[in-house]
């Protein structure tokens, strides 16, 4: 049969009917609109009886299309489409005419509202005439997750998913997992030892049957879509065979290059060229720093294979593994392919480079250090075994000035945001300092003290009141060296006086920044990032752990500054999303996807293959397809939409000059019908 | 002066879904006088229009012996047929016709008839089949060979049943291999093969053939093999048409205008046309 | 008589689903009144708006058109509004070159939170177009004379 | 009836026609082109040209014309017939070749049933032709049985006899009526044999040779060879005074619409494309062959006329310099060689 | 130059480097040339080169009939060569599938074509072989290149509308403009799409406006200013003005010139975050 459209005009109590004559709208619609065979009004369409009315009438009247004139589609489109399904009508034959938010509530004049409502309903009945049945797109799910980043966020998420019974692939670009949390001394507000809580988790992750770990590895590329991502992982040449190596330490003990700044210790200590980043590293197996190793330098200079260099072979000679040594100088990067169904991005942050603050002597004076450096100084496993010594001469500093908001909240340094953790960690630093240097004095320059967290305010107050840190409200204008002292010039805005402190050490509470390569990385994943290059969540309130790409989730500081509990919570949330996703064999997706024209031979497709659509597609959802003759020769190359990747924006359709690609649910005929029904003439 | 492009207005009085995308309309003249004066013969076609979408050409599928209405069967393929399929009983369409020549059924009197149709090409023959069946006494044996891709694609399923039940019609239905259902009682195979198996003696027999080009191409040699002379084989051609009146200039094959000189041709006539179908 | 001459502009608005449409909803939720001259067509993204849509809206009698979507950087689809902006950067001058007042096609970025901006914008468009008067050029070509060819249209 | 017309009287002629309710269409200069267009006064008329850009066809078969209008209400269609399309007019100063196209096309538009839009315009329009006093390389009327001063299709024929005077010969009663109604404008013919200034158009081929060759050579490599440079635009068919193919389309809003007849052309790929995707003339050689065959074989067989008046417009406008007379010359030569 | 061209053409055909030469041949009058398709070495004398070689022969790269002749060598002027860049960028041909016989050119047409008046590609920017003495390509300032538009841009809104309405009224919808355009290569043009019919097919003012605006818009960021549309228009509509206007806007707003650099991203398939948005409220 032809189209039979039912129109249901909702009173919404009096929300609509007070300013729109709903009876008249129904009447006019029935009288004038082609294809409309049934109209009615109802007090509350969204109520159970309202939905029942819809379901009953679809059946009784044999409706092939439905328009609900009611509130915004954002409210109840889903409700009514589901009701239609129950009556056997394809839900994509149901359209909503928004006569509440965009009519009755904004136009108090009843004749005006009635006229506009009638128009809005007509536009929708015309669209419904062109609606096509759409089937939800079923996507197969690969039950395996990828976690990018092996810090606390990644480890937490990995453990949660692995415990949930699914395989996890973890990729960490450093030689060990652990991330920033492994570097911390104690954690606020409890002052428990960071490594003491972190290391067991690292071990657990390493030993978990469901977790495969790739350290010293990076993501080469990610293609595919929700449920079916194809991931290429670059395993960077470690020069050490992880299977053979026992981590016996023989090699790094003999390494002659001993003056390389340790990244883990924030440059406060040195390491060798073959090294493990820190004693508790996982895997506890070394890597050769090819930049600094003299053998590799020599090989590069002579343009020979590393193994052919004879400059220094101390580590390989020292390696007790036989007959094949665990060290392989000629090892090359390896690309491995994995298929996963979901991805959690937990790539963390980096600390703002201190050099940015020349006026504070950052990067210039050894004794002006960053928060992370202080963490290493205060750490029992750090370069000073937890003793607070200043880097320049190892003296115990008696006056330490902590400067907060270094970078943070300072648009001129590129960080207009608050790094959220610094107030707390500075308070912690003052305490740690006072615990270790009892006679020392801590000054803190701050703008505001932000301690919004359970036990945070109390913790901060303790630093001031019990531990005697002097908090000065104001900015530091300059730090300069005078003898072996650092003169800190600042303002105390509360007293309105200029403050000059002769300090032994200055600690900058440097901002948390997005990783340097965050932008390129986001593009690799087709996820959005914000102005500060932190990855964007899908919705700031309601979808805080989803990225803008389906199947990719965010955890931890890659999404924005966070402290540990928040990071762990978000990691858990992301993991639970992934677990939900991996719980079914197939996923159903909204079928609002683009479609490239296909026809019978000899036309095949009106697409001419200029691939503008491919170039504008934000999701790389357009592929090229060769249409071949029986003999295998290519007749034409045309575009094809990968339904799994397509998110239904319609960019391709608007870009296509011949309109050979259209968006289901918003196809050309539907849009044309709507415009046509505006009917001003 | 009369406007030759002005259509009759017709009311859709019934709609039958025949097969996926294929639908039959029963049409009645809105103006009863026009209806009374209207006459056509089997084989003729018309232009059906949905106002706002344009005109589309297809045959009249009902028999001239049934005078109260006109029926047409169409498949949804283009702008107009898609618009037609949105219509309901009670809606109005335009109808321009009848146009073209006719099947010479008087000449066929006293002869055996074999109708061969494939897929959506049964409608063009339905008119003439019913016409002959309604004048059943005038013809000898009547055989109908009808094939489609799948069982679902067969059109006029009720009438096929009716013809099958009649003992004065020999109906052979077939579907392409793979198109059969478990309870399919007809044949499985392509039309040309089935024709070869089931066609009656060519002696004193007229063959009327309609189907997609590929079917025609392979059936004609079969008929020839069976001894059918070219002038005893009739078919009806279709083409893109706009006016139906021999003016718009696109339906010609050589100097033959399908809309005026056709659509009914014998295989002999077709063999003389240039190869530009 | 004065009644008859009062001109009420007809405005078609093409809105993206995620930002401006939601912004217009918000204006409703806040009961912020505005002029009723607008008919909204919702699309997933401004990036999905083909200039043909605008031409068709004029052909169907619109006196003015508003195209509105997410602010730069806010696009639900990452870059849809950026591509849209490129398009309008060339399409708008083209229409202007052909003698169509660019004020008849307006563009805005209105977020889901900017109900107020929606009201302002739509009132602004209506007022501007009201001041411009009916789109006579298009009205003329929308009505085809008895002889549809150029013979009659030229005069 | 014979008269003369002084150039200086053109103005009184146009005014006279206007007074009698005629619309006058005449060659008019528009930028680079001379087109047949409506004129209000004789000043606008431009006669120093070989050929107008557009053909006279446009006034009988407009590039687009309403054949129906309708209003749509739910379940109700009301048809209105177009009126006022046949405007009483004079085409002044068209070329004999253009005029000759009209009786040729009368045949197709009256074949079996009459197209009132053509017929009523034919009745309403009087053709006053001016014989060509010059020609160009593209002109080949003499090769298709016409001449620069042919009278076919004209109601009145004007021939230049001096720089400022034309000989006026009425061809039809309609023409005679027109002249009689405006007697004051015309003078009596000069005594003796007037000096008819008529262009001499070179005869390029024997038209008799064309059809016999076409009858035999439906499949010939020349179709592909000659049409290789063709870009399938419809310019040749649209400027041609005898190409009459058209399309019928509906254009409508929700509440009202028109059914419109538009020029269409056999050179377009879409022209014969079936909705199934099948296209009987899918390649350019087939379409080019169709054009030549239609003009010089099919139309002859059907209506006993060739469908070409040798105006040369198609060759002038062809973006790829396809020259129809060149093609016909080749055909005629081939046919000759056969003999 | 002609001799060099013929010699090279002969060589290419004899060595089977290419199957066909798309070149210029003598036309029906001395002031015209016409496209020729040379497939045999002995026919190379049909090739000519003179100031009447206005055509952009790259349009034959889109036509199935000429494509069937095999791999072409194509005679291109500097302006025409830009087309090939776009065709490659838009996946219509591969660089290796066409042999480019670039000719240096000091302008074509009599009188000189408008496109030649601010020419900065006397020597093609892309070619396999260069015929003729290399001419140093000039840098021409932005304003000079678009000077032609000035008098039209100056017009008032109403004058513009009236001017274009008058021009479009002449349109007969023969589509010669898009048929000749080497970059209008769609299998099915948007005007031929009838579900829905975005552009009225009739040649009335409404249909003509939509068509001409859409045609121009579809060439935005693509048109290489060969002016073929304008040359072939039987109604003499100054179509290239529209194209040129769009080229100007594309260059002004996106700093993009079509056909100049094969590595540039196609202007209408990319964006910059800081694209102009002065007109957006």
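Labels A, B, C, D and E are assigned to the chains in the order they are written; within every chain, residues are numbered from 1.
Basically, a residue touches a chain if its C-beta (ideal position, glycine included) is under 8 Å from a C-beta of that chain, and two chains touch if they have at least 3 such contacts.
Since this is a predicted model, take the numbers as computed values, not measurements.
Student: Which chains sit in contact with both members of the pair chain A and chain D?
Tutor: Touching chain A as well as chain D, we find B, C, E.
Student: I want to compare two interfaces, A-E and C-E. Which one has more contacting C-beta pairs?
Tutor: Counting C-beta pairs in contact for A-E and C-E gives the edge to C-E.
Student: Can you tell me which chain lies farthest from chain A, using the average of the Cα atoms as each chain's centre?
Tutor: Chain centre farthest from chain A's centre: D.
Student: Distance from the CA centroid of chain A to that of chain C, rounded to the nearest Å?
Tutor: Distance between chain centres, rounded to whole Å: 36 Å.
Student: Using mean CA coordinates as chain centres, what's the gap between chain A and chain B in Å?
Tutor: Each chain's C-alpha centroid was found; their separation is 63 Å.
Student: Distance-wise, how many Å sit between the C-alpha centres of chain B and chain C, to the nearest whole number?
Tutor: Centre-to-centre distance between chain B and chain C: 49 Å.
Student: What residues in chain C touch two or more of the other chains?
Tutor: 56, 60, 73, 79, 83, 87, 142, 144, 148-150, 154 - these are the residues of chain C that touch more than one other chain.
Student: Two-or-more-chain contact residues of chain A, please, as numbers and ranges.
Tutor: Only 603, 616, 655, 659, 672, 676, 679, 681 qualify.
Student: Please set out, as single numbers or ranges, the residues of chain B touching at least two other chains.
Tutor: Counting only residues that touch two or more other chains, chain B contributes 78, 91.
Student: Which chains touch which?
Tutor: Those chain pairs satisfying the definition are A-B, A-C, A-D, A-E, B-D, B-E, C-D, C-E, D-E.
Student: Within the complex, which stretch of chain B touches chain E?
Tutor: Per the touch definition, chain B meets chain E at residues 78-79, 82.
Student: Taking the touch rule as given, give the residues of chain D at its contact with chain B in the complex, in rising order.
Tutor: 67-68, 70, 72, 75-77, 79, 81, 108-109, 111-116, 119-120, 218-219, 244-250, 252, 257, 259, 261, 264, 266, 271-276, 278, 280-281, 286, 290, 293-294, 297-299, 301-302
Student: Would you pull the chain E residues touching chain B in the complex into a rising list?
Tutor: 194-195, 197
Student: What does chain E use to touch chain D in their complex?
Tutor: Per the stated touch rule, the residues are 27-29, 32-37, 55, 59-60, 63-66, 69, 170, 172-176, 178-180, 192, 197, 200-204, 207, 228, 231-232, 234-236.
Student: For chain E, which residues are in contact with chain A within the complex?
Tutor: Within the complex, chain E contacts chain A at residues 90-92, 185-190, 193, 195-196, 198, 218, 265-266, 268-270.
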